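A quick write-up on the structure given underneath.
Chain lettering (A, B, C, D and E) follows the sequence in which the chains are written, and residue indices restart at 1 in each chain.
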Amino acid sequence: MNNILNEIGIENYIFLSTILFCIGVFGVLYRRNAIIVFMSIEIMLNAVNLLFVAFSTYHQDAQGQIFVFFSMAVAAAEVAVGLAILVSIFRNLGSIDINNLKNLKG
Amino acid sequence: MSTILIIFCVLSAVTIATAFLTIYSRNPIHSALYLVISFFSIAGHYLLLNSQFLAIMHIIVYSGAIMILFLFTIMLMNLNKENEVHKPRITRLGAIVSFCLISLVLIAIFINSKPIVGEYISTGADYQSIKVLGLVLLNEYMVPFEFASILLLVAMIGSVLLSKKEKTEK
Amino acid sequence: MNTNLALLLLLAPFLGFLFNVFFGKSVGKTASGTIGTRAVALSFAVSVYFFLEINQTQQAIQIQLFDWIQISNFKVDFGFLLDQLSVLWLLFVTGIGALIHMYSISYMHDDENMHKYFAYLNLFIFFMITLVIGSNLLVLFIGWEGVGLCSYLLIGFWHKNQEFNDAAKKAFIMNRIGDLGLLIGIFIIGSLFSTLDYATLKTAITGASDLNMYWISVAAFALFIGACGKSAQIPLYTWLPDAMAGPTPVSALIHAATMVTAGIFMITRLNYVFDLAPDVQNIIAIVGAVTALVAATIALVQTDIKKVLAYSTVSQLGLMFLALGLGAYEVAVFHVITHAFFKACLFLGSGSVIHALHGEQDMRKMGGLKKVMTITFVTFLISSLAISGIPPFSGFFSKDEILLVAFEHNKILWFIASLASLMTAFYMFRLLYLTFFKEFRGTAEQKSHLHESPTLITFPLIVLAILATLGGLISLPTNSWLNNYLSPLFTKVATEQHHFGTTEYALMFIAVIGGLVGIGIAYAKYIKQSQVPAEDAEITGFTKVLYDKYYVDEIYDFLFVKSINGLSRFFRDYVETTLTSMVFGLAKVTNEIGFQGKKLQSGSIGFYLFAFVIGMCAIVTYLFLVQ
Amino acid sequence: MNTLIAIIGLGVLCLLFEIFELRKAIIPITIIGLLAVLGLNISEFNSPAAYYNNMIIVSKFSTAFSGLFIILTIFLVALSHKFYEHQQSKISDFIAIKIFLLAGTVAMVSFGNLAMFFLGIEVLSIALYVLAASNRLSTKSNEAGLKYFLMGSFASGIILFGICLIYGAMGSFDVIEISELSQSAELPVWFPIGIVLVTIGMFFKIAAVPFHFWAPDVYEGSPTLTTALMSTLAKVVAIATLFKLLTIMNADISPSFQIVLVIISMASMTVGNIMALRQVNVKRILAYSGISHAGFMIMTLLSTANTAGTLLYYTSAYALAGIAAFSVIIYVCKNNENEDMVNFHGLGKTNPLLAAILTASLLSMAGIPIFAGFFAKLFLFNNMLQAGFVALVIVAVINSIISVGYYFKIILAMYTKEPNEERTGTPVTIYAVAVIAIVLNIALGLFPSFVLDLLA
Amino acid sequence: MNVSILLIILFVGAFATYLAGDKLASKVALFFSLSSLGCAIVLLNNFNAGENISFISQWINQPNISFALQADGLSIAMILLTLALAPIIIFSSFGNVYKNAKAFYSLILFMVFAMAGTFLASDGLLYYIFWELALIPIYFIALIWGNGDAEERKKAMVKFFIYTLAGSLFMLVGFVYLYQQAGSFLLEDLYNLNLSVTEQLWIFLAFFLAYAIKIPLIPFHTWQANVYQKAPTVGTMLLSGIMLKMGLYSIIRWQLPLAPLAAEEYKYIFISLGIAGVIYGSIVALRQKDLKKLLAYSSLAHVGLIAAGTYSLTIDGLRGAVLQMIAHGFVVVGLFFISEIIFRRYETRTIADMGGIRSQSPKFASMFLLLVLASVSLPTTFNFVGEFTVLYGLSQINIWFALLGGTTIILGAYYMLKMYQQVMLGETNTKAFVDVTFQEGLALVIILAVLFFFGMYPKPITDLITPSLENILTHINRIN
């Protein structure tokens, strides 16, 4: 099988990942629902994962893909902890609107 | 334009669009579903890049585990309403500005950077079959692999800690 | 031997001081006074011994005790120089000092702090001796400041009265202005000649070929400022009349006979410096003459008996400075001595009067004391004649010599001096007439207590009157013992013995006539017409200006005291606060920024992340797009 | 490597103790265990080696810092006894998380592969998210946890992106390979961008301006012991890791990057100090103080060739002072809703010893001699002047002056105000930790060579 | 035996005092301060006999810092000043009862320790450490045992601390910079540096800031009056008697020899600043209502002259400055003690509330007067020797400096006598004033004895300090 990078070019992957990453950033800034913010972060991580795989192909090296595994593990762990925190907040406040979380300031 | 490029473009468009919709849609459930689609399209990219194992893994972990967790939480909190008030305009403006800024900056840098010279030459070596991945992961990357378990252990203890009621509270 | 004696001379009054400080109160008043007097008398005895020895050997005695101050190019010893000049000064300082101590035993007997008084008086004698016998300018400076201190203590002796304290303070501070001048002079001399020692200095000056005339003049001028302060010359004279706040014997001792002559002593001591600065000498002469005249005019209308005498002192000191300025050092010294006799006598006489009147000093409330206070009157008369320059009393000789010298140099100065002499005769006899003649004008209460003073008071008066009469003998116009005695001191050939021609005799005659005219006017006014000076409120016109001393005190007060106090308030209230707020304003601003900055920390995750992203963009842009 | 394994073993042991109902023994055993680990760590000091395909590289740098982390963890574990008095049932979880966190930190300073680095930082972060939110009934703790979590994940994303770009440029995660490649060939621009992004992510962890906003809020909201952990251990780890990262990956930092570092350093110091001036909450004050100290620590990155020792010294001094200060805060505020300065009123009278310790630790942070904080600043200034950053040193000096303002506010509160509550009880562990920490601090001040020369 | 023993005694003393408990603290402190004074005298003897009493040991290898204590004549003189004043100050506090006395006296000894260290240290960094260390005890002494409104005191003290620290931190930067050039903090290595004029100027200014604030010179003096007023008298004594001498000493020891070209180049400016301080301080002192504030401003005036003397870069200026430092140390301690004695009886420091004391307490009045006279530098007092030498040194630079600096003898007399008049003279106050007690009297007599003895025979001190000053001066002149 011909290598696809000859056809697509690594730059395109970089651009795609960057845009995806930036959308993630945008989501973090744009939304006030903690869960969506959270999802945005997942988008960011996925963007990076995609880039990892692309680079892995580019270098023809397995390490990039291995790293994606770790990245997934991290994402899973973060999700577990993050959702636990969210649930705990929801229990205390009845809301997960991050705009309501302004008690600590100054 | 080759087929692969067309597939790439379509997949990319889907990925970006669904990612954007994830953020844009008001209903958290919709967001979650869009995100699932986005993840699938990313898995499509993986397939395109010929890393089938990773694609499967990705679908299992993200769509299967993480997204279910999300959905579960959304349901638990009963958030499936479009009740979210938008952030103040200034904040949204700030978000958009920073989005444009960061995209522009990053893309500008990548465009500015000197183009990758030379053909991409495939050596033909196997680097992404399950076998190779397994070997690398469990030989070279044995320590991080083990350490990832610590990570998950910490996450587990943490989740328990955050949810467990104190016994001494009387 | 000499060292021990010199130390005895110096330390006797100091021990008297210590004794009075520590035991004066317990031993009782008379004992404390007696011991104080004996201490000074002992010094007098030693002084006489030294006088005899020096008069015989014509050799100055140098005594070095120890190193005192180390300066880069020289070091200052603590040492004594006993020569003709210092011994002469010692004689009348300790002599008159002893008499006044004796006088004080009686005069101060009613004061509860008599032991303190004697302590201060002894301390004064100690410092005066230091001043006189110091072998260099810095030891002189010890005495110089020391006598100033004692003057301060004694003027403010009755320290419950704040006015007296003000007077004391004023005296001290004005003296200090002069002292600064003296110090500056010392600095310049020190750096020019690398020594402050009189003897070395003299050889250095006489031996040197190329002297820096400019700096010598500056030094001389600075020293003269010092002398002005101590000897109450314009512009630093105003403290002396105020100093009359002290007990009268103190006025006699410090503010008439001894301390105020320190300036003359110093200039005479450094005559070789002043000889090199003719400009400064001219200034001295002019200042002296003007002081003599101004003070005399003020004295014309004063009604306080001691004030008259005080201005008279200033005036006489002015004459002495005139003589100094004209280079006639020995004449100035001569007048110092005669003046010491008669002015001390006058002060003590006035003290006797005040004592009799229980503290009354206003001449308008006196009169007719001739009958009750005969001895006081007679001695007072003799001294008045002496100061008025009537032959054959001592004042005639000394004053006449000054006038002669002045005439030789400058007719205007002579005229001013003569005018001052005439006025002197007038106001002295005005004083005499108002006090001793006619009827008593005080209260009946006072009248009933009028009495002649006790022996302890009259004895010094008599002695001083005799000295005032005979004092002129030491320097007769044609055969001056004093000039010969002092001649080793001077580098210039001492003023040649006057050839007594017609001019000289005519001048002498004019002077005497002048004196008599003054007396005559006084007689006409106060005996013939029985005038009594008007009450304060009724004084008008130029008399008022004179009575108020040309408003010099007010002017000084306005120019210096008020302005410096105003400045102080300004500094305290505005400059200090501004400085503080400037320095600490920075802290305030920082604090305020911190307070405003708290708003930035709004608690909003969105904003925090926004800042994060912006910061990241800025860094990345700077690094990869700008560069 | 052995250290890392032993630490993980200890963490697992903690969990086992819970199972065997030996809660009382957990803390003593853990402390003893950590001491043993410390000994093990020291034994590794002079035998640098790379383990498992360069995954873990044990060097002097890593062992020295690991030692510091272990010591700090010992203190934090010792404080746990008193702090979690009322949460006995969770004690094993708390302790185990701390131990794993320590494992993460050790992995971070001794990584030889970016995968280890990333996993280490994630272990650290996730443990901290949990600890920050661990007081589940307190809304403050919740808020702190969520804030830290969201922003921390965001920063993790940035770091990951950075790593990805590095990988894209180099085709390897092995730092030694990367280092060799970075010196030889012409690099794609991805590499420097990757480095910068990773650096930015680490700046977030250190709380450097403008990535610092989370710190005051999270410090204030978190349980005090967690705050202590964040402000001492976490910050030190982050800066040490960043230092190592920059040292290993590109030997010479470009001049423009230096300018960025200088500006961030200055901004951190200034913002931290100025913002601290008007705070009333002691934890917030220490948070801002931590930001300013981050600025100081960043200075070491400017001339990495010879500042490793200084960094170790600075971080030790700062962390020890922080531990002492926080143990006093734990004592003072144990019964209070908040940590406002009011609670410290009159401490000089009610508890002179702890007041003195807090004073000493604040003086150390302010950089007053003979405390170690002074020498830390001195050595730092020395290095910076040597490298020619005069303006930076001047700004640092001005900041030291400003910092005295708020440190002394606390001291004044302790000594000039009247106490408003009785203080009872003498919690031995808190005393012991505070005293030992401050004594170590002063000892560092008196014998700075001991630490300074470790990495010379 | 070397000088480190002094520091050890004081340091141990500080701890022993704390352990002795509140009742014994003052006595223990006195004992230790006296024994350190005794040791210092023994050391002086050894020094005069030519024995080496320095102590040097390597402390930190990298950067190269030594624990170097060196004593030349100048240091010994300052040490003796410190250690002689310390017992007097401690002794003078016996009439007061302090809360938590053990901490109080312990802090005093600790401060003395730090100040002694400052005078002895010959390694730049060690010196700096002692310099800063001296600040902390006085801060606490003034803060906790001070008088007046607590809030205001707090503000004043924080300002003081930050202000002085601000100055000294720049000095630290200067030191570090010097270290870069010399590779060592040791005094002699730093002396041997050859820096350009610009470098020297910056070094000079960095040091100047530290010293000008500490001493203080105008316009950096704004902390002084407030702190002097609000600190307990013991603290004020320590501050004015010894601590400000640290700054003056440092000018001579560190600033001038390290930046000689700059010092030479700009000496007119700095002399003028000192002299401006003389005049300004004197004038401000005239209208002060608070006795301690007045004394503070008088101190400002005096140190202005001393500083001018040091910046004159002549042997006379330096020697006079050192003499005047010692003299001023004793006088100012005496005067502050006087204010404390009045305060003990009248509970006030406002001058307007006093008056007529002299009639009731002759002994007190005499001693006060003698101190006033010493303060206005009457000949035969030590102050005169110092002031004369300083002014002489200034006159060698420019006669106007001497003249303007000399106004201190006029203005000084003015405000001191005015103060004396208002406090002591006049009608007897209705409030009873008990004459000095034996303890108070003893302390004052010792001070007066020192002042008058050395006023007449300053040779021992002059001989002690001159060689070291000449040595420093050769360093200053090494380039010219």
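One rule holds in what follows: a residue touches a chain if its C-beta (ideal position, glycine included) is under 8 Å from a C-beta of that chain, and two chains touch if they have at least 3 such contacts.
The shown structure was predicted, so the numbers you read here are calculated from the model rather than taken from an experiment.
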Inset, instruction - Going by C-alpha centroids, which chain is farthest from subunit A? Tell me that one. - result: C
Legend entry - Chain pair, most C-beta pairs within the contact cut-off: A-B
Legend entry - Relative to subunit E, chain with the most remote C-alpha centre: B
Inset, instruction - From the Cα centroids, identify the chain that ends up most central relative to all protein Cα atoms. - result: E
Inset, instruction - Please work out the Cα centroid separation of subunit B and subunit D, and write it as a whole number of Å. - result: 31
Inset, instruction - Go ahead and note the Å separation of the Cα centroids belonging to subunit A and subunit E. - result: 66
Legend entry - Chain centre separation (subunit B, subunit C; CA means) in Å: 103
Inset, instruction - Take the average of all CA coordinates in subunit A, do the same for subunit D, and state the distance between these two points in whole angstrom. - result: 27
Legend entry - Residues within subunit A bordering two or more other chains: 10, 14, 21, 24-25, 28-29, 32, 37-38, 58, 61, 63, 66, 70, 74, 77-78, 81, 84-86, 88, 98-99, 101, 103-106
Legend entry - Set of subunit D residues in contact with two or more other chains: 115, 119, 122, 126, 129-130, 133, 136, 147, 150, 154, 189, 193, 216-217, 279, 405
Legend entry - subunit B residues counted as touching two or more neighbouring chains: 87, 91, 94-95, 98, 102, 106, 109-110, 112, 116, 140-141, 144, 148, 151, 154-155, 158-159, 162-163
Inset, instruction - Return all touching chain pairs. - result: A-B, A-C, A-D, B-C, B-D, C-D, C-E, D-E
Legend entry - Contact footprint of subunit D on subunit B as seen in their complex: 109-110, 112-114, 116, 139-144, 147-148, 150-151, 153-155, 157-164, 166-168
Inset, instruction - Would you mind writing out the residues of subunit D in touch with subunit C in their complex? - result: 147, 150-151, 154-155, 158, 189, 192-193, 196-197, 200, 204, 209-211, 213-214, 216-217, 256-257, 259-260, 271, 274-279, 402, 405
Legend entry - Sites on subunit E touched by subunit C in the complex: 159, 162-163, 219-220, 222, 225, 280, 283-288, 314-316, 319, 356, 358-359, 362, 366, 373, 378-380, 385, 388-389, 391-393, 395-396, 399, 402-403, 406-407, 409-411, 413-414, 417-418, 421, 424-428, 456-459, 462, 466
Legend entry - List of subunit A residues in touch with subunit B within their complex: 1-12, 14-16, 18-27, 29-33, 35-36, 38-40, 42-43, 46, 49-50, 53-54, 56-58, 60-63, 65-66, 68-70, 72-81, 83-88, 90, 96-97, 99
Legend entry - Residues of subunit A touching subunit D in the complex: 10, 14, 17, 21, 24-25, 28, 34, 37-38, 41, 44-45, 47-48, 51-52, 55, 58-59, 61, 63-64, 66-67, 70-71, 74, 77-78, 81-82, 84-86, 88-89, 92-93, 98, 101, 103-106
